[in-house]
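When the chains are written out, they are named A, B, C and D in that same order, and each has its own residue count from 1.
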Amino acid sequence: MGGEVRRIALITIGGTIEKTYDEQSGELANRRSIVRRMLSELRLEATEVTVHELLSKDSLDMTEADRDRIVDAVRATGGGGEGGADGIVVLHGTDTLALTGERLYERIPEPRVPIVLTGAMRPFEMKQSDALQNLTEAIFAAGVLAPGIYCAAHGRALQFPGVRKDVARGTFVKG
Amino acid sequence: MGGEVRRIALITIGGTIEKTYDEQSGELANRRSIVRRMLSELRLEATEVTVHELLSKDSLDMTEADRDRIVDAVRATGGGGEGGADGIVVLHGTDTLALTGERLYERIPEPRVPIVLTGAMRPFEMKQSDALQNLTEAIFAAGVLAPGIYCAAHGRALQFPGVRKDVARGTFVKG
Amino acid sequence: MGGEVRRIALITIGGTIEKTYDEQSGELANRRSIVRRMLSELRLEATEVTVHELLSKDSLDMTEADRDRIVDAVRATGGGGEGGADGIVVLHGTDTLALTGERLYERIPEPRVPIVLTGAMRPFEMKQSDALQNLTEAIFAAGVLAPGIYCAAHGRALQFPGVRKDVARGTFVKG
Amino acid sequence: MGGEVRRIALITIGGTIEKTYDEQSGELANRRSIVRRMLSELRLEATEVTVHELLSKDSLDMTEADRDRIVDAVRATGGGGEGGADGIVVLHGTDTLALTGERLYERIPEPRVPIVLTGAMRPFEMKQSDALQNLTEAIFAAGVLAPGIYCAAHGRALQFPGVRKDVARGTFVKG
């Protein structure tokens, strides 16, 4: 928490948080990453965020191969060994975020830095959205939590294993 | 970080973050707390925030007696002993936030829970503002940090003693 | 344009402008009217807007019977004869707005007051949207234009007959 | 109201609508024009807006010489004779907007095009503001009203002479 610059690797997979509206079709879908637009609305001191656009998918459409690519990307950005980022944020669709979190926990049981998954129940492009709040929390969490795999959203951090989506309440819970 | 409800005491002193615009005079000033309006824009799971409207002041106008009242309020809400909140957030003008943080550190050197001060460089009522980001970070910090006195803002947590405002950069720094 | 109160009848049919997001399904759809929420963001002096929630439909799903109901509602609120509103606004999906405009022109060729149709290319609930601009223009137009059937959107008023949607450009044009 | 491009000259004087916040001083003031940022939030079809940054002043600080410059600028952009814009919008502080309107009416009693003054009770930079609504109305009015001098704001157009600010209600009235 000192004066030097903190390096955050932000890996985005897409999901609801990044869905954009198409005027011709009238549909919300994952077309491209808009996380840089989100980041431009935050004020981050001594924090260097490097964006890795891995996928742009609704998380219900993710394959096992996609999940393996996430594990590889987390390892490559420094979550699995020496060097690399001081913290990792993974932007992910909420529907299978917990599946990816468990997979990361299996493959990287003792990460060197905090690995924080987040997403949103409502797209960033909507006036009312939990997108910016959750991104704020995930970046903050990646700077202050102990090494481990977490989901940060809606005011709290939940540590893997054992996190799941509570579909009825529209949030994440433990156990 | 489990399933039970976390209790956050939010003590507000006012400051830029809560300044509102008066159409007749054309002036921004501290008139009343708007923190409940801010909270209504956040989505907080299993988190109970109790608001204590202590003062509504520009922090440059605060007196020593005001600062003593803050210490008393922090103690009363549970920061100094058994019972009470699981975490404390203090909403404060940025100009003398560090002074209040040092005072809290002197008087409550070993708090039972995290005590997190925050504020904003731009009022919540403005379109572009760090208010909601900093409030998000402070509430999150009050849930995950170890007991201590902190300033949370702009993506990071800085622990007292030794925090100060960097006026030129418009943020808080350590040392 | 004097001091007395102007009475505007606002008939809503739904359309993209009123689509809301459902977190469970992840879909934008017409579920209920949100025009009162839109109106609460406008500042209207000496203007009394009475909302008539006629339908809540994507305009591609409208039937001939629905269009007849609109003609009846416009007549009932005062567009066709003595008494009633000083101006009428019809909130409508853009895809078949022109069809409804032509129908109104056929059935009420010489209306007593301005009848102004509008809609939006992007839902009001999105951060970037033409919804509030177009509603502002339609209400303003209903107060200043001569009796007739119009489409007001994107900075201009186009008079029926002969208005159509330009799908590629995402706006309305004449001829 | 046809297919060709409408040319609007937008002369800005500043006023509350364009006040910006300075983080160092904590003050709202006229520093530079932000009308291009406002225009970028509107969707205007077949409308070409040319911005003339004449002054950047609180209208209470305007001098008689400033008011003469406005008359000259309106004449130069086409309000007084052949050629030039199809409509003129003047962005102005609300406190002396009526004074400028009367001056324009005296000097240009029979303008060739509509000349529409507008302003706002709350700066555009605030979340809740009448700025974009009033700008929308003024641009729309400049396209549909008959030649004359008007104030457009809060849902209606009031024609000079005889318009004044109602300070208590925070709007413009006639008579």
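Here, a residue touches a chain if its C-beta (ideal position, glycine included) is under 8 Å from a C-beta of that chain, and two chains touch if they have at least 3 such contacts.
Just so we're clear, the structure is a prediction, and the values are computed from it rather than from any experiment.
Minimum number of contact steps separating chain A from chain D: 2. Averaging Cα coordinates per chain places chain B and chain D 41 Å apart.
Centroids of chain C and chain D (each the mean of its C-alpha atoms) stand 27 Å apart. Centres computed as Cα averages put chain B at a distance of 46 Å from chain C. Chain C has residues 121, 128 in contact with two or more other chains. Viewed as a contact network, the protein chains form a single closed ring in which every chain touches exactly two others. Annotation, chain-chain contacts: A-B, A-C, B-D, C-D (touch as defined at the top).
Against chain D, in their complex, chain B makes its touches with residues 16, 19, 21, 23-24, 26-28, 58, 121-123, 125-128, 167, 170. The residues of chain C lying in touch with chain D in their complex are 1-3, 6, 42-47, 121, 128, 130, 132-133, 136-137, 139-141, 143-145, 152-159, 169, 171-175.
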